[in-house]
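Naming follows writing order (A, B, C and D), and every chain is counted from residue 1.
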Amino acid sequence: MIVVMHGGAREEEIEAVIKRLEGAGFKVHLSRGVVRTVIGAIGDKSRLELQSLEAMPGVEKVVPILKPYKLAGREFKPEDTVVQVGKLRLGGPEIHLIAGPCAVESREQLLETAHAVREAGATMLRGGAFKPRTSPYSFQGLGRRGLEILAEAREQTGLAVVTEVTDQAMAREVAEVADVLQIGSRNMQNFALLQAVGKLGKPILLKRGLSATIEEWLLAAEYILAEDNFNVILCERGIRTFETYTRNTLDLSAVAAVKQLSHLPVVADPSHGTGKRALVLPLARAAVAAGADGLLLEVHPNPENALSDGPQSIKPEQFSALVGEVAAMARVLGRSLARLQA
Amino acid sequence: MIVVMHGGAREEEIEAVIKRLEGAGFKVHLSRGVVRTVIGAIGDKSRLELQSLEAMPGVEKVVPILKPYKLAGREFKPEDTVVQVGKLRLGGPEIHLIAGPCAVESREQLLETAHAVREAGATMLRGGAFKPRTSPYSFQGLGRRGLEILAEAREQTGLAVVTEVTDQAMAREVAEVADVLQIGSRNMQNFALLQAVGKLGKPILLKRGLSATIEEWLLAAEYILAEDNFNVILCERGIRTFETYTRNTLDLSAVAAVKQLSHLPVVADPSHGTGKRALVLPLARAAVAAGADGLLLEVHPNPENALSDGPQSIKPEQFSALVGEVAAMARVLGRSLARLQA
Amino acid sequence: MIVVMHGGAREEEIEAVIKRLEGAGFKVHLSRGVVRTVIGAIGDKSRLELQSLEAMPGVEKVVPILKPYKLAGREFKPEDTVVQVGKLRLGGPEIHLIAGPCAVESREQLLETAHAVREAGATMLRGGAFKPRTSPYSFQGLGRRGLEILAEAREQTGLAVVTEVTDQAMAREVAEVADVLQIGSRNMQNFALLQAVGKLGKPILLKRGLSATIEEWLLAAEYILAEDNFNVILCERGIRTFETYTRNTLDLSAVAAVKQLSHLPVVADPSHGTGKRALVLPLARAAVAAGADGLLLEVHPNPENALSDGPQSIKPEQFSALVGEVAAMARVLGRSLARLQA
Amino acid sequence: MIVVMHGGAREEEIEAVIKRLEGAGFKVHLSRGVVRTVIGAIGDKSRLELQSLEAMPGVEKVVPILKPYKLAGREFKPEDTVVQVGKLRLGGPEIHLIAGPCAVESREQLLETAHAVREAGATMLRGGAFKPRTSPYSFQGLGRRGLEILAEAREQTGLAVVTEVTDQAMAREVAEVADVLQIGSRNMQNFALLQAVGKLGKPILLKRGLSATIEEWLLAAEYILAEDNFNVILCERGIRTFETYTRNTLDLSAVAAVKQLSHLPVVADPSHGTGKRALVLPLARAAVAAGADGLLLEVHPNPENALSDGPQSIKPEQFSALVGEVAAMARVLGRSLARLQA
């Protein structure tokens, strides 16, 4: 790390920093410029709280050199991680389509959607049984009954089930049904939940927080990896900016960046990312072109009666058209769409 | 609510919206402009998902007229809520200083700080036993041992204890020690946790999420109020913006705005809000001038050895000086600092 | 427009608003809900400042129904605008590649780059003669000499020249050389400059401001259109968010959204949009997949000696590879790359 | 500066960086950690474009050590700059109130306001003759006629005149009337304008850009200082964030931070900063408590008929009340309100 001293730092302040660094086992190098003194330190960062160093008198700032995540980085594991979901493999050359309604609303709604997206080319079914909602007065999901319906849909279609865990207390129960456990944006830094689901060993789809930096997102993944669970799928779902025309700003540069920084697979969610049905198709294409390993898409047979996220849900026939376009895009990139075996 | 139709909306699309609104019991008024048709609807919004309306063909947008929170609003309860913490009353004319270290690090550190801030004029002691940290490799708090130390500090000083709950599973245990349960920024929309702590009936200090709008913050409070627990203290602690010189951007207009929109008391945290010791004093003064009912301040006897938040922690003697300045400021505003009875 | 009155608005306040609206020639409709009174008004908005209405006693907010831009919208002109640049047509099915260095640094640098990008498939050459730089101590461009070099490059290669105007005083002089006048992000709301270049009648490439909403961007275009100059090419170049890993956040949903809201062509700049060479290719593909009509790309023969934007500049050979990938992407979308005639 | 090499940087890449740094006259120090090699360089940064270094193969990032502004920093000039405006001194212990309407709308409106704010305690009169407006269809100011009215108001009241220059071509003409030239937010990085007004030698009030970092703001000031004009007053007027309840987010931590980083005086504009009349008073108090040297306030005799910014304008009688509160606040801080001599 690099410790930059204030312009007017006194000699004893500089010495105090050096003494502390050396005391923690760091090899120190002092560099005196005309205006600033800079102290370089090589050693095991985990032996010292960087923040506390920054609190020492005369210190202007501390610049860390190494990335704060380890297990999630390409330096630790250069080759791509492929997450195994039953017989499916996400993170290899094949692109996965994870489709379904925002929330499980009824048996009919879910089964109809599941069969339709299965038919059109999805490999996994999304659908929330437990819904975290901004307002306590909004529909909160069917709960356990939703899980049962998801299980039935899987049985009928063979689609893997992706569903959200919002609550430690329910994690185990959700995991009995889910093939992939989703951690929503609002819970990206709910560390107790990350550790709890990490321990379950199941694949986890980790949505990026609404205002999380790429680094914080990878550190959230690190919480799961540190539980010895490497089955983590990252999901870019839009960040919060000043723009209000779209619900969020889908950050596709983050998709490309994370593919370079980390070995973990990344999928994108253009439904939440834009909040508008008419933008889902172009952004789905763009996400694949940016390097996404899959797409999370909200499909509803009847969006105008959806209990949540209607305006960003596409209909099954629109999903079919999208599958065709995305497949063509994948071919150009030397990839292909993953398929469920019949 | 107001439903704005697209410029080219067809007659049958307009009729479908009207039919649906009337079917849900709304009284409807149609207004045809040259370019747009607008449908006004009066009725019980809870009988219809607004989002689903926005998903209907021909609809451009739905503009809600009423605020989405109820119990948290001044329209529901015009007079200020005063939260009772033991014998202390927060939300009335007296301003409270809640001070202490970011984390409980040791018995010595906490007791020394507690006595110092008690002496200087604080009424409550802050200190985390469970610390949510961005990196899994950072100090995570002393856990249960931290709670014991907090309890001892209260016994010795009479200060009320404010400490964070990060985990539903631990909520009851933390509540046995805490006088005020803190919900941190990252958990502002951890709805399961909000409901769990709401049910405990204890005063709750609800920090604003890093990128939460004022409306979302009040809706998070609404989750607690809806559990019939009105002992909610809101805490502005800085939002995330593009600025990197400060750790966060302390949003003091939100303090003033929330005092107008809601009856709940509001405190401000200039330590997290700025991330820099040298900015704590001016922003503490400014928060009080903006109307805050209290301040949350990080005080550490030895910030350069703090295990977290050293750069933004002030020393006990700086806290004493701050108390004097804030007291003078309070007087000008016709308020005073709350005091513990000897 | 819709005027929403405060919950406690008095009868005479409601009447004052109605009187004022009727006085300005609006047809008014009153809707009294249980909690709020809402006043709908149909008429010519330009006869009344909406803001002043919002300042009337008892008014909570004014919700405009119509979009504030006219000429830039699809409602005014449903069919795509094709901007003619010499013999080139931008905005039709063909996708244009506008490539070159950030700044003209020398005759050799520019000519080498121009020939290389011409060879590889660009139709237009970008390069700044006047550079707006954050610091007064950074390289500010070659000025007039830069314009001469650009003119020579066009003569040798046939590429159309796109270069920035930063200064009203220089607008005419730049326009003598430029085929397309670029307005940079920092000047998107320099209205005096917009009007000045609008009057020149030349095609204008209007970069989105760093924190401009889509609506503000289209209103900036409206300033040019209102000068009766419809040759406007919009350019998405990344917005400012909290993310620091990338220089900006390239907002590709804005590309797709603007294609729907406006008839104007849109290009994307993945070089500024990401700030990192390794992200340029994936985001270039993604921008085309999202519907961009062209790409603005920084190409430098020797980025490590570039006087500006080296880290985001690609080399000519990387540009060639990019052209191939983008061409393949275009074909899938039923489009093709524009070509200069030999 | 510090050059951080990629984990896998090759020996010849490291050597190339060293050779380049030494060639530019830097003293270089190499530090090889286990994972990263870091190169420290001491020398004259202006001899090398940092960005180009970052473009060299094997380089991960370049970390500058020194602040990029010089003349604007406390290291260059430790003592506070006091800007002389006629007989008034802004930047010393006295706090100035700069009040008036957003725009000059008529002789009557301006004179009435000028007399009222003079009476109540303002020392300077604000009012725009040239208004930069988001929409070309909004009121754009009275232009030259507005300047005449401002001059008359000064003559009658003795108030110094603060008015905006939006256009290089008009700069000299505006300067003939203005005592302080205002550069608006949208023009903060209109460098041609900054240089043009800098050369005029008059005091300049430089508003912070909507999404400008503190560093960029000080670099914009640097453009003026570099013209040998040190009469710069910085003005914090709110930044753009995701919050929509307030028009902008008034960043009072920036006020306190800039007072520490720079010697230039800073004023705050709670009218634009909040966009809501009811928030102006608490934020005005807060700005002074945070250390502002003055306040810019929109006052209009009749906000509901204002041609711009009505909702955030206060009435003369509200201004009077505000003056009293701010004066009391100033006293607590050991300051006082500046007064015009009778």
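Simple rule for what comes next: contacts are C-beta pairs under 8 Å (C-beta built on N, C-alpha and C of every residue); 3 or more make two chains touch, one makes a residue touch a chain.
Keep in mind that what you see is a predicted model, and the values were worked out from it rather than measured.
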- Touching chain A and also chain D, the following chains: B, C
- Item | Chain-contact steps, minimal, separating chain D from chain B | 1
- Item | Selected pair, greater C-beta contact count between C-D and B-C | C-D
- Would you identify the chain whose Cα-based centre sits farthest away from the centre of chain B? C
- Query: Counting in whole Å, what is the centre-to-centre distance of chain A and chain C, each centre being its mean C-alpha position?
  - Reply: 31
- Message: Rounded to a whole Å, what is the gap between the Cα centroids of chain C and chain D?
- Response: 26
- Query: What is the distance in Å between the mean C-alpha positions of chain B and chain C?
  - Reply: 39
- Task: Any chance you could list the residues of chain A touching two or more other chains?
- Result: 211, 240-242, 244
- Okay, in this complex, where on chain C does chain B touch? 2, 4, 7, 29, 31-36, 38, 40, 42, 63, 65-66, 75, 211, 240-242, 244
- Note on the structure: chain C contacts chain A in the complex at 211, 213-215, 239, 241-246, 249-257, 259-260, 273-274, 276, 278-279, 282-283, 285-291, 325, 328-329, 331-333
- Note on the structure: Residue set of chain D touching chain C in the complex reads 46, 49, 51-57, 68-69, 132-139, 166-169, 186-187, 189-192, 210-211, 216, 219, 222-223, 226, 240, 277, 303-311, 313
